[in-house]
Amino acid sequence: MSDGILHVDNLTVFFRSLPALRDVSFTLTAPQRVGIIGPNGSGKSTLLRCLAGTSRPSSGTVTFNGVDVKRCRGVFAYLPQRATVDWEHPVRVRDVVTMGRYPHRRAFTRLTQTDHDAIDQALQKVGLNTLANTRVGELSGGQQQRMFLARALAQQATVFLLDEPYAALDKTSVTIMERELDAAANDGALVVVVSHDLSRLTTRFDTVVLLANRLVAAGPPSDVVSPAMLQSVYGWQPNEDGAA
Amino acid sequence: MTRRSRVRGAMHTRLGLLTLCAVMLMACGSPAQPNGNARLTVVTSTTVLADLARHVATEDVTVTSVVPYDTDPHVYEPTPADARLMADADVIIANGANLEPWFAALTRQVNGTVVFILETGTWPLLYETDGAPDPHLWMVPRFAADYVTVIADTLAQADAPYAATYRARATAKRDLLLALDTELAVLFATVAPARRILVTSHDAFRYFGQHYGFQVASLYGVSTETQPSARQVQSLIDLLRASQIPTIFVETTVDQSVLIRIARDANVRIGTPLYGDALGPPGSVADSYSAMMRHNAEAIVDGLTR
Amino acid sequence: MTLVNLLIEPLQNYGFMRIGLLTAAVVGVTCALLSCLLVVRGQALLGDAISHAVLFGVVVGYLVGGTAGVPVGALIVAIGSGMTIVYVTRNAPFKADTAMGVVFTVLFALGLALFAVFQPRNIDVFHVLFGNILGVRLSDLWFTTVVGVIVVTVLIGALRAFTFWSFDPDGAAAAGMRTGQMEYLFTALLSAAIVGALRTVGIILVVALLIIPGAAASFVTVRLASMMLVAAVIGVTSGVGGLYVSYYANVPSGAAIVLFAGAIFVALFVFAPRGVLRGHKAVLQDDRSKL
C-alpha cells in the first residue's frame, strides 16, 4: 500500500437549504488513524459520505492523490451504518467478503488464487472463518461489522471509512475491530472513524477532526481535545474517560 | 358520410369542430354530417346492416355504421362520438343475439326507434353448448332478405309517410337477394363433396355452411372474445390433416397469425381473406353485401377446388 | 400412453407446439434470471410498470414502421420508460413507486388513445395484452432468442457488480463502482427481456414471470447464484409445462403458463427446505419495501 493524500477542499453540503457542512477543508495522509468527532447533527456522517464519494457535495472537492474520489476504484472501503444495508439479501458471509475483490476484477474473469487467499486471510483475521457460510441476516451486530471489516481487508483498501462502527457492539467484536484497524494503519492504510465516543481519543487516533457543521479543528488529539475546545462545541467539559 | 372517413380526418375535424361547435351542433346535431339536412337519420351497428338499410332507405336518409369497415364488431370499443351519433339518430338497427354485446348499453339514453333484428320474431338460430346463440345469420342471402323486411318495417314505423316507399324498395331488394342465394348455390355445386369443408378464423359461417352444404370448423368459436388453447389448435390441425381440403381461410376482421401457423403445420394454403362481420371500404372487393358474398364465394370455390 | 409419449407426441406432430415450447423456454429462462434480482431488490413491480408502457411503443412502432416497426417501437419505449423512471427517482423528489405509477399509466393510456384514433389494422390489442404464443412466427422466435441471449450474457457478466450494488449500494459506490450506470443497465436489461416476452404471455402477465420464479427459488436456496439456477429451471418448466397443460386441458396458453408457475410457487412455499413446513422463516419480508 502506497502513501496517499486525502484532500478536502472547501466542502459545502446543503440538505434542503440547511448547511450540513460549510467550507470544510483539511488534508489527511496515509498511514494514520483519524477520528471525526462532533455533537449530533454536526455533519460527521455527511462528511464521511463525501469522502466515500457516495454523496455529492453542493460545492467543493474531495480528492485522493489528486483524483476525484468518485473515480477511485478499489481505494475506499466504506462501512455503512448498518441500517442502510439489505439484510434479507441471499448472501453468505463469504460472499460479502468476496465483494471486496470485485473492484479488482474485470467482468467475466474468474477469481484467482490471490483473490481466494485474500478472502480467507481476511475472514481469519476477524475470526469469522467458521461462520463463512452463514446467511448475513443470521449474524449478530458485532459479527456483521467484522464481516464488513473483512471485506475491506480483502479489498486491500487504502482508505477505511467507518461510521460509528462500535455502536452497541459486544466486547469481543470491539477488540477484534480495533486490533485489525490498528494493524491496517500500520500496514499503510488511512483509517477514518466517525465516533461519538470521546474516551481515549489520544490513544486511539493520530489525528482528530472536530466538526460543528464547519471545521472547528483538525490535528493531534492533544490539541483538538482541549477542555476549552470541547466546551465551545459540546457545551460541557468531559473528564478523562469521556463522561460529562 | 361514413365513420371511416371521419376517423381519417379526425385530427382536422376536431380542430375545426372546436371553433364551429356551438353553431354546428344546433344546425346539424351530429358531427358526421357537414350539411345536416337529412330527413331521417339511421344508425346501424355494422357496415353489413348499413348496406342493407341503404338499399331500403331513400337518398335523403343518412345511414351510418358505428363499427367501421374491416373492424371486428365482437370486441369493438365504442367512443363518446358513437354515443352522440346514436343519441341523435331517428332509427337504430343492430343485429342482436350477442354480436355486439356493448351496443345495448348505448341504446339506453336514445330517443329514436331501436331494433335488434334477431330479437324480433323467431329465427332459426343455432346455439352453442353453453346456450349462447350464433348471431351470423346474415351470412345466408335468404336470411339477409328477411333482415331487409324487418328493416323496412322499422323504417316504416318511424317514418310513416314514406312507409310504402320503404316496403317497395325492400321487396325489390329481397328479390335480388333471393336471386343471389341461388346464384351462389350454383357456384358451389362445382366443389366436390370431399372438399366441402370450410375452415375459417371464427364461426361466422355456420349458417352459411348449413345452407350451402359445407362442414365448418374454426379456431375462435362463435365470438372472437376468447383465447384459443393449444388443444383447439391441435384439433384443427388434425382435422385438416385427415381431410383433403387444400385451403383454409383467414378473415379480414380477425388476427391471422395462429391460422398461418396452423396452415404451415397442416400443409395447406391460406386462401383469399373472407369478409364476414364487416364490409370493406368503398372501392374494395366487398363494399356491399352482394359484393361481399360474391367475393367470398369465389374465394371459397377457388380455394377448395385446387 | 406413457409419460414420455405424452410429452413427445405433441412435439412430433405439431410445429406450433415445437416453436411455442422453444419460445416459452427462452422467455422462461430470461425472465427468471431477472426475477431473482427484482425480488431480492424489492423491485418486482418495476416490470409491471415497464410492460404497461410497452403498449404505447407497440402502437407507435406500428404506425411508423408497420409490422416490422412493432418490436423496435416496443424496445425503444420500454427502455426509454425504464430510464425515465430511474432518472426521475434519482434526481427528483419522487419515490420510485410514484415515478413508476405516473410513467406507466400515462404511456399505457396514450397507447390506448392512439389505438382508438388511428385504428391500426394489424394490431390486436388483446394479443398484445395477453400474448399469442400459438401464433409465434420464426422471426419472433429469433428476435426473442437474440434478445434473451444478450440479456442473459450481460446479466451474468455484470452479476458481481449487480450483487454488490444490490446488497450495499453505498459500499459499492465507495469502492468506485458506477452505481448510477448499473441502475440504468439493469433497467435496460429488464426492458429488453419484457419486449422479448411479449409474444408468450403478453404485457399483463409478463410480470408473473418476472416475480414468481425468483420468489419460488428463494424457498429453496440462500445464495444468489443457486437461486438464479433454480429460478431458471422454474421458468422453463412453467413455460413448457403451461403449454402442455394448455394442450391437454384446453386452457388458454398464457394463463396456463402463469398458473403452472403459481402452482410451483405454492408447492415450494410449503415443501421446500426454506419453506413453511420445514419451519424456516421465508426470505420474503414485507416490512422493508424498497419499491
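A, B and C label the chains in the order they appear, each numbered from 1.
Here is the rule we use: a residue touches a chain if its C-beta (ideal position, glycine included) is under 8 Å from a C-beta of that chain, and two chains touch if they have at least 3 such contacts.
Please read all numbers here as calculations on a predicted model, not as lab measurements.
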Chain whose average C-alpha position is farthest from chain A's own: B
Per-chain Cα centre nearest the global Cα centre, belonging to chain: C
Between chain A and chain C, centroid-to-centroid distance (C-alpha), Å: 39
Cα-centroid distance, chain A relative to chain B, in whole angstrom: 76
Of chain C, residues touching chain B in the complex: 10, 13-17, 19-20, 116-119, 121, 124, 126-127, 130, 132, 134-137, 243-244, 246-256
Contact footprint of chain C on chain B as seen in their complex: 7, 10-11, 68, 70-71, 75, 77, 79, 226-234, 237, 255, 257-262, 264-265
Residues on chain C engaged by chain A in the complex (per definition of touch): 40-41, 157-158, 160-161, 163-164, 166-177, 218, 221-224, 227, 283-285, 288, 290
Complex interface listing, chain A residues touching chain C: 49, 52-54, 70-80, 84-86, 88-92, 95-96, 99-100, 102-103, 105, 107-108, 135, 148, 151, 155, 157, 161
